[in-house]
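Next come the structures, one after another.
Note that chain A is present in both complexes that follow, paired respectively with chain B and with chain C.
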Partner chain A sequence: MKKALAIFALVFLLAILPQFAGKYLLYMTIHIMLLSLFSLGFNLLFGYTGLLSFGQAGFYAVGAYACAKILLAVPSLLVGIIGGVAIAGVASFLLGILCIRHTRIYFSMLTLSFGMMIFSLAWKWRDMTGGDDGLVGIPRAPLEIPGLLRLNMAPMQNYYYVVLIFALLAIYVFHRIVHSPMGLTLQGIRDSETRAACVGISVRNYRLVSFTIAGLYAGLAGALLPPLETTVTPPVAHWSYSAEPVLATLLGGIYTFAGPIVGAVLFYIMKDIIVRFTQYWLICLGGIVVLLVMGLRGGVLGIFFGKGGQG
Partner chain B sequence: METLAFQGLIGLSVAMYLWLLAAGLTIVFGVLGVLNFAHGSLFMLGAYFAFTFYGLWGVNFWLAIALSLLAVGIVGYLMERLFLRHIYHLDHAYQLLLTFGFILIFDDAVKMVWGGVAKIPPLPSFFEGTLSVFKRPFPIYNLFIIGAGLLVAVVLWLLFEKTWWGKIVRTSASDREMASAIGVNIATVFTGVFVFGAMLAALGGALGTPVRVVAPGIGAAMIIQAFIITVIGGLGNLKGAFVGAVIVGILSCYSILLFPVFELFSIFLIMAVVLLVKPQGLFGS
Partner chain C sequence: MKEIIRTEGLGKYFGEMAAVHEVNFTLKEGIFTSIIGPNGAGKTTLINLLSGYLLPDTGQIFFRETDITRMRPEKRVKIGISRSFQVMNIFPRLSVFQNILLPVLSCLDKNSRLFSALSHQRGAIDEAERILNEVWLWDERDLPAGQLSHGDQRLLELGIAVASNPQVCFLDEPSSGMNPIERIKVLELVKKLSVERKTTFAIVEHDMDVVFSLSDWIAVMNRGQIFAEGKPEDIRNNQEVRDIYLGEEI
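And then the complex of A and B:
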């Protein structure tokens, strides 16, 4: 009951945020929501399935680039976002077939490598991606369902509501996934692959599904980006971008549902403070990762709810 | 035909840097069971140190290489002693996360110290000039690199197969508990092997300085290549690392010649094929 009340209060706060928040705060909140989705997907793989991916930025970038290409051709927000998510899903399914042939260390190597393959494509395939210039002039197209409604997306707060609705829906679906039999199966695989296989679970198929869902969430976060920024550039595919959901998840807590979301909020607060003092943001990011691994493996939620330190 | 053979020879010299890199990665993994994601960053540090000693301070070329090995060895020592050592007992994922954090740290640290602009150090005068191979000018330095890479391969083989030290390391790799029961100090072996691997990476970086660009970000680029090599050759296997490095080095040189835009892509393609056909790698067990 207390939990439901807290969630309701939070959603209410997010819903009325544009009434009193300035443009910068809205912009930051949108980014926090994107990172939350990105990190939730990452944690489905890591926290729930036990697969550590360092290449999630690749699928984020596929979602972003695909959405941008679609919006440049067809100025309809929904088509762009859904198209971006779908293409990211296909990409993660196909690369997933390769990556899940291995687990543990090999899996992490493969995801980092394939992530950088996508980066090298974004960087070098100039005709398609615009090379190092990226794609520019992407319209924040109106939200349009023919014959039903047409919403102008030019004001930031209108787009904020679109992102909010997508984020809430995606988080709800995620909650359903991890509490479904499938979610439990994934955790069973994480804890003991042999035992899961012995009770007749197709370990490989479940891993592939988990990988694809993680890719879909990364793709959704990515697809929501171009209408906000109106540009997409190769750094969104870079391996250092994959570090963001990793850090957010570690910060918030690996073995909790809300960990990645809490982590995303903390991540942006920290980043906002740190970049005021130094341009060397990555060294701080790396330092915090090292610190968390050395001493605070349960993340912030782990400290409060005593779920820390699971090896 | 001659163009192809010539390009293959160039590829072989590129392969030697990759071999030095992959050898260290695979030795450390074989003994410690830890895959060091920051191994490419140690390669980068080796290049930067060699550039500083030789290119900036004008130290003798050979001495500069030796000094940069020493410097990176110290970095490796600190990494192992202060950080890795304390998390061997944890799940492998935490070891990966830790070394991943180190890539970020080294990348920015290098930018802090040396700036973000790529450096191009001078070539030692005694390596200037070319030999005529297939009626084309082939740089003497590349020839030297091929020789150095092969020399390291022979030395490593002798070291592991023929010396007392190699026996100790192989014992620790195959059965940690038994090794410590017969009086091997595992902790010291681990530190030693990690430092040794770091120095191999630094050697690759340092030897590359006169002919390759020294820039932030090469650490990550190199580790990706090292991963592709180990996936192709099999992790923890020196023979696999050598063959994988030769395949990737030569192949990438041909791809640059044939389809420059998708150079990296073609290497990934080979990796994907190996994954589908023989997931444990060509020499993996």
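And then the complex of A and C:
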């Protein structure tokens, strides 16, 4: 009951935020929501399935570039976003078939390589991606359902609501997934692969499903980016960008549902505060992560809910 | 008695070493069978081959009349072959209840459900609760399994093995690391389950008192081969077995 009330209060606050917040705060909040979705998907692989991916930025970039290309051709926001997510889903399914054949460090290295392959594509395939200039002039196209509605997205707060609705829906779906039989099965695979196989679970198939869902979430976060920034450049595919959900998840707590979301909020707040004092903000962040890993494996939420908390 | 598992010329070799060599082994339905033998005799390897955890280099395995030699372990579970492990192999971060629920869901083919809530799987929950009671872990059901005592973890391991409702269940040293009282308790539980659930159990066990009092049939392995099998009294009186394994204690 308390939890439901807190969630309701938070959603209400987010809903009325544009009424009193300035443009910068809205912009920041959108970025926090994107990182939350990105990290949630990552954590389905990491915290729930036990696979540490260093290549999620690849699927984020596929979502972002695909959405950008679609928007440049067809100025309809929904088509762009859904198209971006779908293409990222296909990409993660196909690369997933190769990656999930391995686990542990081998899986991490494979995802890192495939992620960097996508980065190279973004960097070198000039005709398609614009090379190091990226894609520019992407319209924040209106949200249009023919014959039903047409909303102008030019004001930032309108787009903020689109992102908010997508984020809330995606978080709700994620909650359903991890509390379903499938969610339990993934956690079983994380705990003991051999045991899972010996109770009748085809481990690879479930890993592939997990990988694809993680890719869809990365793709969704990526697809929501170009309408905000109006540009997409190759750094979104870089491996250092893959580290953001890793850090956010470690910050918030890997074994809690809300860990990645809390981590995303903390990540941006810290980045925003530290960056005002020094450009070497990543060093400070690195120090904090070292402290967390050495002292607080359960992340920030682990402090409140105990190490194995299901928050 | 109908045979439920049969092997023909089964072999597994690690380099020069024959872990299992030319084994022709038959497991009969409803016959409580123990596999005994000195360390390194190939007992665990045999179970690994039968459960699909390892693939054999030679020979064939039949389940009833089906050739399952190269069938993947998860498929074998689906047709009714289950196992436990010698070294503890549970799901340590899941709760005790979830440890049992998972194989039950798997048995009912329901674990691919992506959006339905776990709490709506009434049939599976009832079955998992019944098994929890059977293995005396009802009071511990909400604990993370990794926090259970060693003895309780072995009980849970047994619970997981029977939760997929197998026709044949291989238990690899189900009572290892237990004190004598726990040991008798867990093996009597196995016997009880074999009667109530009509599951055919084959166990690897080192406690000879238990083996001889519970088993209907005993197979003795040495150097990768089964060199004697028979009823407990035959094995007890077999001079060769006494020389190699039992000594004069029995």
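Here is the rule we go by: the second predicted complex is superposed on the first by the 305 of 311 C-alpha atoms of A that agree within 3 Å, B and C clash if a C-alpha of one lies under 4 Å from a C-alpha of the other, contacts with A are read in each partner's own complex, and residues count from 1 in each chain.
The rule we apply is simple: a residue touches a chain if its C-beta (ideal position, glycine included) is under 8 Å from a C-beta of that chain, and two chains touch if they have at least 3 such contacts.
Every value quoted in this text rests on a predicted model; they were computed, and no experiment measured them.
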First (chain B), second (chain C), both or neither touched by A:106: first
First (chain B), second (chain C), both or neither touched by A:52: first
Partner chain(s) touched by A:117 [first = chain B, second = chain C, both, neither]: first
First (chain B), second (chain C), both or neither touched by A:181: second
Partner chain in contact with A:150 - chain B first, chain C second, else both or neither: neither
Touching partner for A:23 - first (chain B), second (chain C), both, neither: neither
Which partner reaches more residues of chain A (counting touched residues only), chain B or chain C: B
Shared contact residues on chain A - chain B and chain C: none
Residue ranges of chain B in contact with chain A within the complex: 29, 35, 37, 83, 86-87, 89-94, 96-98, 100-105, 107-109, 111-112, 220, 223-224, 227-228, 230-231, 235, 261-262, 264-265, 268, 271-272, 275-276, 279
In the complex, chain A residues that touch chain B: 46, 50, 52, 54, 98, 101-102, 104-106, 108-110, 112-114, 116-117, 120-121, 124-126, 239-240, 243, 246, 250, 280-283, 285-290, 293-294, 297, 311
Partner chain C, residues of chain A touching it in the complex: 173, 176-177, 179-185, 187-188, 190-192, 194-203, 206, 209, 255, 308
Contacting residues of chain C [partner chain A, same complex]: 51, 53, 72-74, 77-78, 82-83, 85, 89-94, 98, 101-103, 105-107, 110-118, 121, 124, 144, 160, 163-164
